[in-house]
Amino acid sequence: RRGNAADMPTLVNSIRSLSNPYHATWNAGGAAFAKSVGAEYVTLVTEGNSEKGIADIKAILAKTGGNCAINIDPNDAPDARPIVEACKEAGAYVVTQWNKPVDLHPWDYNPNYVAHISFSGVPYGKAMAEALFKSMGGKGGIVALGGIESNVPAIERKAGLEQALKENPGIQLLDFQVANWSDTEALEKTNAWLTQFGDKIGGIWAANDGMGLAAIEALRADGRAGKVPVTGIDGIKLAVEAIQKGEMAGTVAWDPFWQGGMGLAIAFDAKTGVFDPAKESKDHREFYGTGVVITGENAQAYYDTNIKSEPTLDWKDIWGRASGQIQYN
Amino acid sequence: MPMNSSLKRLNIDRLRHWLPLATLIILVTVVGVMEPVFLQPSTLLQLASDTAVLFILATGVTFVIMLGGIDLSLQSMASFSSVIVALTIAQLGYVSFGLAVGTGILAGFLSGIAHVKLKIPSFIATLAMGGVLFSAALVASKERSITLGDAERSYQTWVTGSHFGIPNVIIVGLIVLIVAHVLQAHTRFGRYSAAIGAGEPAAYASGVKVDRQKIFAYMLSAGFAALAGVILAGRLSSGSPTLAAEMLLPSIAAVVVGGTAITGGVGSIWRTLVGSLIISVVRIGMTFLSVNIFAQNIVFGSVLVLAVAVTIDRSKIPIVK
Amino acid sequence: MTAEIPTLSLVDVDKRFPGVHALKRVSINIMRGEVVGLIGENGAGKSTLMKILSGVYQPDAGEIRIAGQAATFDDAADANRKGIGMVFQEQSLLTNMTVGENIYLGNEAQFTRFGIVDWGRLYAAAERQLAKVQVDVDPRARADTLSFASRQMVELAKALTLEEHAGDHFVILLDEPTSVLERAEIDILFERVRALKSRASFIFVSHRLDEVLELADRIYVMKDGAVVADLNSSEADTTKLHHLMVGRSLQAEYYREPLQRPYRENVVLETENLSLGHAYKNVTFQLHAGEILGIAGVIGSGREELTRTLAGFAPHDSGLLRIDGQSVRLTTPAKAVDLGLGYVPRERRVEGLVLFLPVAANITLADLATFTRNGLINSREERRIAEGWVERLRIKTPTINTLCLNLSGGNQQKVVLAKWLQAKARILILDHPTRGLDVGAKEEVYDLARAVTSEGLAVILTSDTLEETIGLSHRLLVMRDGEITHRTDAAPGHKPSQIDLIGHMV
Amino acid sequence: MRIASWAPVIVLLLLCAIISVINPNFLSFGNMVRISQSAMIPLVLGIGATFIIIMGSIDLSVEGVLTLAAVVLSMLVLNGENANDYGLFAVAAVLIVGAGVGFINGLINVRLKVPSFMTTLGTWFIGVGIANALLGGMATRINDPWIRGLAIERFWGFPWGVWVALLCLLIALIIQNYTRLGRHVYALGGGEELAALSGISVARVRIAAFTIAGVFYAVGGILAAAQLGLGNAQIGNGRLFTTITAVVVGGTSLSGGQGSVLQTVVGVLIVVVLSNGMVLMGVPPSVQIGVQGLMIIAAVALSINRKLMKIIK
């Protein structure tokens, strides 16, 4: 019935949840791509529960008989292995993003494990730190909000921050706290810092936009919003707006719309035989995507092309943003 | 005449007994009719293996719930256990599993002591213990997930492999079911638990060593949670301080959906098994039936409430609180 | 008499519970200003009847009539509005609230303005209610700080609030109100009831037939869910009532005195200057195998705490307690049970039974170890044992899997006794063992007490009535203000008189 | 006996003393304001939960109602996504939404006889689900100056939100101590059968209590939205356990019948001061949650009256 190869494959995006703008935009990108090829589109959410995420993928594989292309942001790095193995067994094609174990490689699961896409957290975490330091005039104290501790991007972004600190001796890291990607926790932590360090806080670095925006709200309640620069990462709409208002010093846009759509496009093209993954070079199998650093200078332009209207992407240009093979150390 | 009515009563009791299972079968049938692939043996086996970890977690907490307590530390315990396995399996091999479960039992003992001797409500004692375990997992893992290599994974085939086409994890689940069922239905501990849950003062006055039974229940709960963590570590071939994240509420929900009273005294491991399967079927069923992703939480919540409305045995629960 | 319309009546009322036909086409009438006594064995259906009259249960068939008009009660509140108040058999004060709050619970509306309760007025009114029953408690005290007797009086005060809002005539249902009261308190209660007869009718349930004869104008006798007799008090006496209830005559030797065997030589339990805080001090006595040792005393005499000490709830803080010659301190009931003590508590439904477990599980609760093999309970053996006890003690229950909750008081008490006999307790502490039991069941308990002591069990007895204590005991201790004031022998033939003992009690 | 009921307060003071020795900034007025800001939402939520817990039930729908309230509010007041600007009417609507969810909780609990644990777990999922569906996963910025003012504008040095929380406290105290409903909630917790025998309509009291709790959670939602300046479906995350912990730490018993809204105030302060102090004392992030757990155990162990509590579940 469905397992028939002549059928159009089902397109599947699996993400953490639909309750944050980042993944909601990811989902929109997936839907846009699916529409462009006229395929059925399914969204799965893990709700932060690895077992659920994996079980859902297996359910889809069973339901479609493996006739699907999957683009997934695994809940936690370990989830990638069982998912890839299940896809291989069912004959589905899968692209992973952000999280996977370092020793799990697409080329070990030809052709089904098409590619892994990530964004090196280190340079962008560092870029944000530098943008922050710049708007502080190169000296002063900062505090930093981290993501979930075991999460790879959170670890990388923090590493980037640390590199930037090493290169900028004028900047002192007053404290680093983990706020688990949560607005509320970020707000509470910032509140406590305002007591502890008061005016010594010259800037706030946050590992994502949600936490950065929450820090701004804590500053606002203290009457200091706009006076203490804050940076985030992700490039969500509210962050770009905050940059335009001068309350935020910078963010990095991964373009989740691209992630959600292009990840599917790559898996879909492999599934439908447009290219043979086994024949692609490693820098198309495990590659860094390109992030856009947004600061006060380009915020308006970015807003106009990416946020005001739905971005139009060329889904044929699957390798357009591949910027080098992922390095593990 | 009295004979007759007591027969009737027995029948009603029997009927009540089967309501959770009937609910499960109805749910499976509904999904199966709308999407026949769901009823294929391979899909059902898959469903069963994907339920194993949830079931084991739920089984552990059933012991505590029977006593009228609660264990909120189980997801941190499971995650910590996966970290222990990941850190030690290279050196210790199979012993690492024992180490992890042993740590679980010890943690359960400590929560039990805190609850019983310091008289801290179990809600607080286990929530706090969960925090301690989470911190321990973060520190031990250096805040990262630890992936296991091929050599280490070879110790885990008892989780990942299969026998006669049946995934091992299902077999492990069945063993847990049998052990837990025997403990709960055929041992003094099980009987005392029910007595404590249904009427602690009378159990105490009858000479039951209440504290000891309670501590034992917390040890079982954390021990099973640790076992669940060991299995998760096998399934995901890694350990991580967040590996079992978001599994706490589904586990407790599984116990309650099976019809065990959250207030204690009434319940069984069978009910927990059925409850775990109901949770799985509803979740996976929604994926099979392509329920709109935005509607899924709404449907899930509603079905759970309705399921409990059907499954609980109100004749044995004095007051529904 | 026939022409008069009853204030309240039941016509052909039927009520079934799963497995039990509790009321079989019962019809009764209550006339204006009448006190109607209602007696019957445990499980005869008295409480069920009362609960139907007070709106707690709905009849399956038949009719309730108020002043000749058919009436239905949605719930207790509805019955209350229609002029029927009830004092429940089981303690029904909320222990986490104050006396005043309890008295007006559900009736606060009269003290409420714009949604705000005027506590001052409420407590003042509560104070007046308490004065009516002449009980001296602070309406602002929490109910759990009160003695059981005071709580019962508070409940009566609560029922009497009907006076304030019911019409010109109302009915108060008293379900075993006297079982926890001392004689002096019973007198106050009876006096109040008689004083209120001009405005109210009463139904009075009690297992103490003499009390019923004393207070009631007319008596209904129930048996197995049906009314079997309706007679004027003047035509009745205890022997006749007993016969009607139980179907056989009252034993001349109610306490089985001829069966009282001399106790044995060996001391199983002894105390030396046993003391506990302010509760009791310097208590010294010996308990022999086969002996029933009665302890008499009023509330506050220390006998309650002494029994709690022996049961393992309140360890003594000085003096000696020896069991079989071994000096022990009973820190938990578990320890007491291990040493062969069995406690039949006064609060049967709380400490005696796990109400939500089946009969069988309750009987075996204290003795699971003996039929556990390799860690597993032998359920067939368990069933056999439970069935054995049900038969031996004639416990009335549909099956051994019935929850204890659904048994009548007397049968519940038998389950408690079965539990300790099964656990082979060598010393039984009977704490008001016949509270709430019908005369038949009482006799059976006495029979049991005799039987087990002749087999060598030792019993410590505190009881509701002096008569019972005297009748049953081999020897008697009297306590006052925490000390033993009198010891006496009570062998058959020279039992002490009540007057003798009372002199040492107060 | 009286002393025992003050134990949580003593624990709180002790905690404050320890933290201020390590970091004297703790006692600054600025920090007091921040603690009050951190406490205002848990307080309002805790107040609602206290009613339910005294009744002997449990309410897990805290996050569901709060999230739904915050999201609905963000869509109805002046915001960055649509043209709505209903101001105070929006606030009223949100309170009605909270009351509605609470009412449904109560209704399911008493009519379908589903234990509150499961009922409210269900409505938790449903509430968050609806919030999510309404927003489609995005976040809506709130531009309404009144709402934002709750977090930003001050009166006597404290943000308006804190005053709103105190007003809620006052209302709760009145309901608890001076209305029939308040007393009947205790009666249900002390013994539901007995309460019914006294003529209390158990169903009505339960439904009313859940409804009131829902309103308080909705106020919590309004304050949360005001604080973060936006509504999104994650705004409630992690609030449930803090809320119940605070209630229990304050001394309200999970088995019902005992406790009060005032005790919850102390409980909330203990929990908030503890997490604020954790940062001030420089406890490393990865062990914070563990240390917090141990401190809460210590706090409860110190403040529990063991004599009174024979049975602890």
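A few notes on this one:
Each chain gets a letter, A, B, C and D, in the order it is written, and its residues are counted from 1.
Operating definition for what follows: a residue touches a chain if its C-beta (ideal position, glycine included) is under 8 Å from a C-beta of that chain, and two chains touch if they have at least 3 such contacts.
No experiment lies behind these values; they were computed from the predicted model shown.
Two chain pairs, B-D and A-D, are weighed by contacting C-beta pairs, with B-D ahead. Here the spacing of chain A and chain C, counted between their Cα centres, is 71 Å. Between the CA-based centres of chain B and chain D the separation comes to 29 Å, rounded to the whole angstrom.
Centroids of chain A and chain D (each the mean of its C-alpha atoms) stand 33 Å apart. Centroid to centroid, with C-alpha atoms defining each point, chain C and chain D lie 44 Å apart. Touching two or more other chains at once are residues 18, 149 of chain A.
Each of the following residues of chain D touches two or more other chains: 128, 132, 136, 286. For chain B, the set of residues touching two or more other chains reads 138, 143, 201, 294, 296, 318.
Remark: the chains found to touch one another pair up as A-B, A-D, B-C, B-D, C-D. Touching chain D in their complex are the following residues of chain B: 67-69, 72, 114-116, 118-125, 127-136, 138-139, 143, 200-201, 249, 253, 256-257, 261-264, 294-298, 300-302, 304-305, 308-309, 312, 314, 317-321. Every residue of chain D that touches chain C in the complex is listed here, in rising order: 174, 178-180, 183-184, 186-187, 189-191, 194-201, 257-258. Chain C contributes residues 56, 75-78, 80, 86, 88, 92-97, 101-102, 105-109, 112, 115-117, 119, 158 to its touches with chain D in the complex. Of all the residues in chain D, the ones that touch chain B in their complex are 55-58, 108-109, 112-119, 121-126, 128-130, 132-133, 136, 192-193, 241, 244-245, 248-249, 253-254, 256, 286-294, 296-297, 300-301, 304, 306, 309-313. Interface residues of chain B, counted against chain A in their complex, comprise 35, 37-38, 40, 42-43, 46-47, 50, 53-54, 138, 141, 143-145, 147, 149, 232, 235-238, 240-247, 250, 280, 283-284, 287-288, 290, 293-294, 296.
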